[in-house]
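Across the two complexes that follow, chain A remains constant while its partner is chain B and subsequently chain C.
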Partner chain A sequence: MAQPVVQTIHRDPALFWWILLPITVVMILTGILRHYAMTLLQTTPKKQDLPKIRQQRSLVRGVNLRTNANVLSPSSFQARKAYMVQAYQEGKFLADPESRGKPRPNPMSDPAAMEGMMGMMKGNMAMMVPQSLIMGWINAFFSGFVIMKLPFPLTPQFKSMLQSGVGTRDLDVRWVSSLSWYFLTLFGLQPVYNFILGSNNAANQVTQQMAMSNPGAGMMGPEQDPDKLFLNEAENLEVLDHQWILEGIEERLVAKFAA
Partner chain B sequence: MAASTLDEERELTIHPLVATSMQHNNQVISNIRNLTASLFGVAAGTLGLESYPGFIFYLAGTLLVSILLFVLKTETTPGKYFYRPLGDMWLGEVFGGLSGFVLTWTLFYGLVRA
Partner chain C sequence: MSQVNLLSPPSHISPDTARKLSLKAPLILSHPPTSSLPWPLSLLFSRETPESWTIHENLFYSSLRTGDETSARQILERMEARFGDQNERIITLRGIYNESIAQSNADLERVFDGYEKILREDPTNMSVRKRRVAVLKALGRTQDAITAVTVLLQNSPTDVEAWAEASELYASQGAWGQAIYCAEEVLLVMPNAWSAHAHIATLHYLSTASNSPPSLPALALSLKHFCRSIELNDSYLRGYYGLKLITSKLISVLSDSASASNKRGNNQDDDEVPIPKIATVKKLEEIATSKLGEIVRNASSGKTGWTGYDQAELIAARELLDGGGKIER
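Presenting the complex of A and B:
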C-alpha cells in the first residue's frame, strides 16, 4: 500500500487568538477559582465536647506511643504500655461508657456523619459544575471545525471524540477540534497551578478525583466503634517488639570515632 | 532476608527519615521536572518533532535534567538527600511532567509548523 498523502489544511491564524487562547485562559482562571472556592467552602471542624476529644486523643496517644516506642527506655515503655493497655481494656477513655457493647446507631442518622458527606458533596459539586459548564461552552461555540494538528498519531478510536462536529470520514485523526485542546489543558495545567497557587492547591480536578476514589481511614473514623478501636490498639501495644534505640550506643559511638 | 529487613529497620530508627524534608526534596524535584518538561515541549514543538522523535526528545531531556540534578543540586551525593536515589531522583516525576510536555509541544507545533 502506498504511503497516503500528507493532508494539509490551511487555517486562519486568528484561530489562535479566538479559540486556543480563550480556552487556555478560561481553564487557568477556572482552576484558580476552584482553588479559592474549595478554600472558602471548607467547613471549619465542629467543636466537640470534652469526652469525645478525650476519646480521640487517647487513641492517638496509644498510636504515638507505638510509633515512638524506640526512643523510650525499656522500663518507661513498659510502664506506659501497662497503663495504656489497662485503660483501654477497661474503657476508661470512652466518651459514654454505658453504651459499651451496644450496636452502633445507623450512620445515616448521625448528624456528624452527615456533615462529612455534605463536605464531600460540596467538593464534588465544585469539580463537576465547572467541568460540565466549560465542556458545554466549548461544544456550543467552538465545535464543527478543526483547529490544530497533534504532533503524534492516535488510533482511529479517538476520531469521534476529538473530531466531534467535523463530519469528514477521511480526515487524519491528528487533526483535532477544540475539544481536544480542552482535554490537553485539563491534564497539562497542573504545573501552572503549582507555580501560581503553591504546591498543595485544590485547582486540578484530575488529582482530586484520584484522591476521592480511595477515601482514607479518616473518613471512616467516626462510624467505627471506639471501644473496638481501643481494644485493637491495646492488642497492638501488647505485641509490639520493643527495641531501645540507645541499646549498644557505646559500641556504636566507639566504632564511629574509630573509623 | 529477615535479618536484612531487621537491620534496615534498626538503621532507620538510628537515622530517622524526616517526612517534611523528604516532602520538600520531592517537591523541588517535581517543580524542576514540571518546568523543564514544559520548556522541552516548547523546544520540541518549535523543532517540529513528530510522534516517536518527540517522546525520545523528552526522555533525553529528562535524562539531561537528571544529570544536572545529580551534579548541581545533590553535589554527586544523592544518598544524602534521597532515601532511594534511583527512584526518587533519577526516575522521580518523569511521567508527571509528560502531560505538561504534551501540552506545550502540541501548542507550539500547532503554532509554528502545522
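Presenting the complex of A and C:
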C-alpha cells in the first residue's frame, strides 16, 4: 500500500458565497446585536444603603489594621486593637443589629438576590434565543452541506465535532459541514468581537457560560453572615503578633547611609 | 518636570501649571467630543472616549483654579448634557462650581443648604459629604467641619482623604492627640506613603512645641517617622528638613537630660518608646545636613535629575542650613 487515497470532493464555488459567508456574517452580527441587547437589558446596580456601606468598610478597616499594623507604635496598636475587637464582638458596625445571631433568611425571599437572578436570567435569554433561532435556520436551509476543507489533517475524534449533520462514515475529518461551521464560529469569534466592540463586550458566550457554571461564586459575598465575619476578624486581631517597623530605624538609616 | 497633561495631572498642581492647563480650555471647548449629528450617525462619528471626559473634568478644576469661570460653566454644561444632572459626580462638580462662584458667606450658606438637601435624599453620596466639610471649613466653622468629617468617617472608615482632612482639622485646633490618631489611620491604609510618615512626624514635633521641656517620647517618635519617610524615599526634601530640625532639638534635650541625672532615664524605662542614643542622633544630623546641602546645591543649579523640588521648600531648606536650626515653625 502506498499513500492513502486523498479524497477530493468537487465543491460548487457558490457554496462559499451562499453558505460559508452568510453563516459567518450572521454570527458576527448576532454577537454585536447581543452585546447591545445586553447593554440595554442591564439594570443599574442597586445602590447600597449607608449602614451596609458602614458595615463593609468597617470590616475592611479591621483587615487594614491587621495587615499594616507594623507601622503603628505598640501603644497605639494596642489601643486600636482593643477598640476594634470590642466593637466587633459587640456587633457595633452591623447593618441590622437586631438580626444578629439569627439564621440568614432564604436568599430566594431577598429582593436584592432576586434581582441578581433576574439579571442572570436575562443574560441567558439573550444568549439562548438567538442561538436556537440560528441553529434552526441553519438546519432548515443548509443542513448536509460540506462547505470547506481544513488545510491540516486531524484525528478521527474530531469527526463528530466537524461533521455534524453529514452522515457519512468514510469522509475525511478535514471536511467541515455547515452545522459544524456554525459551532466553530459560535466559540471562535471572541477575538473578532474584541476587535469590533472593545474588550469588555457582552457578546461573549463563553465567559457567560463560565459565569453560569458557578453562579454561587458571585453571590457568596453578601450571603455570608457579617456578624461571623466580624467575630472572625476580631479573633485574627487578637492573635496578631505585632512588630513595629520603626523599631531601630535610626540605626538602620545610619547603616544605610554609611554603606 | 515631566510634561503636564490634562489626562493625568500631578496630584499637587502649582499655580503656574494650573494656568498652563487652563489655557487649553478654548481648544477643547471648540471640539465637542459628542457629535451633533442625528442619532444613528452620531454613533459613527463621535470621537468620544472615556479619556475625553477625564480631560474635561481636569480642565474644569484648573479653570476654576485660575478663575476662568465661563469656561468652567461651559464644561459643566457639556458634562451635564452628557451624563444627566442626577449623576453623583456631576452633582459634586456643580457643587464645586457653585462654591467657587460664591461671593459672600451668605452664598456659601446657600450652597451648604443645597448639600444638606442632596444628602437627605441620598445619604450615601460621599463626595457631597466631603464638599460639605469643605464648605464648613471655608466658612470658618472648624468645629462643625470636624463633626461633619467624623460622621463621614464613622460611615466610611477606609477613606484616606477624609482621615487626612480630619487630621488637618484637628491639628488646626491644636488637638494633637486626635490629629495623630487620624494620621495613623492614613498610614494604616497606605503604609508606604512617605508623605504620610512625614505628616505624623510633623504632628508629633508640633505637639512638643507647647510644653517647655519637650516630651522625649514624642520627639523620639517624630524622629522615627522622619527616618522612615527617608528610608522609603531617599530624596525626600521634607523628610531631611524634619530630620535636621528634630535631631538638633533632640541633641540639646538629650545632652541636658544626660547631664542632669539618670533618674529621668529611669522613669522612661517603662515607657515603650525607646529613646535613641545621642551618638545615633548626631550621626543622623550629619546625614540630614549633608543630604540637605546636596539637594539644595544641585536643585538650585538645575542639574538634571534634581529638578521637581518645590521652590518654597528649597528656600526653607537653605534657610535652615544657614540659620543652623534656629528656625521655629
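Basically, the second predicted complex is superposed on the first by the 178 of 259 C-alpha atoms of A that agree within 3 Å, B and C clash if a C-alpha of one lies under 4 Å from a C-alpha of the other, contacts with A are read in each partner's own complex, and residues count from 1 in each chain.
Just so it is clear, a contact is a pair of C-beta atoms (placed from the backbone, for glycine too) under 8 Å apart; a residue touches a chain by one contact, two chains touch by 3 or more.
As the structure is a computational prediction, the values presented were derived from the model and not from experiment.
In the overlay built on the shared chain, the residue A:Met148 is in contact with chain B alone; chain C does not reach it. Residue contacts after overlaying the shared chain place A:Val254 against chain C, while chain B stays out of touching range.
Of the two partner chains, chain C is the only one touched by A:Lys47; chain B is not. In the superposition on chain A, contact is made by A:Ser58 with chain C only, not with chain B.
By the document's definition of touching, of the two partners only chain B reaches A:Asn194; chain C does not. In the overlay built on the shared chain, the residue A:Thr185 is in contact with chain B alone; chain C does not reach it.
In the superposition on chain A, contact is made by A:Ile245 with both chain B and chain C. Applying the stated contact rule after C-alpha superposition, one finds that A:Asn70 touches each of chain B and chain C. Across the superposed pair, chain B and chain C both touch chain A at residues 70, 245, 252.
Chain C contributes residues 122-124, 154-159, 181, 184, 187-189, 191, 197, 221, 223-225, 227-228, 230-231, 234, 272-274, 276, 280-281, 283-284, 287 to its touches with chain A in the complex. Interface of chain B with chain A (complex): residues 10, 13-14, 27, 30-31, 34-35, 37-38, 44-45, 49-51, 54-55, 97, 99-100, 102-107, 109-111, 113-114.
Against chain C, the residues of chain A that register as touching in their complex are 47-50, 53-54, 57-58, 60-61, 64-65, 68-76, 245-247, 249-254, 256-257. For chain A in complex with chain B, the residues that touch the partner chain are 8, 16, 20, 70, 147-153, 181, 184-185, 187-191, 194-195, 199, 243, 245, 252.
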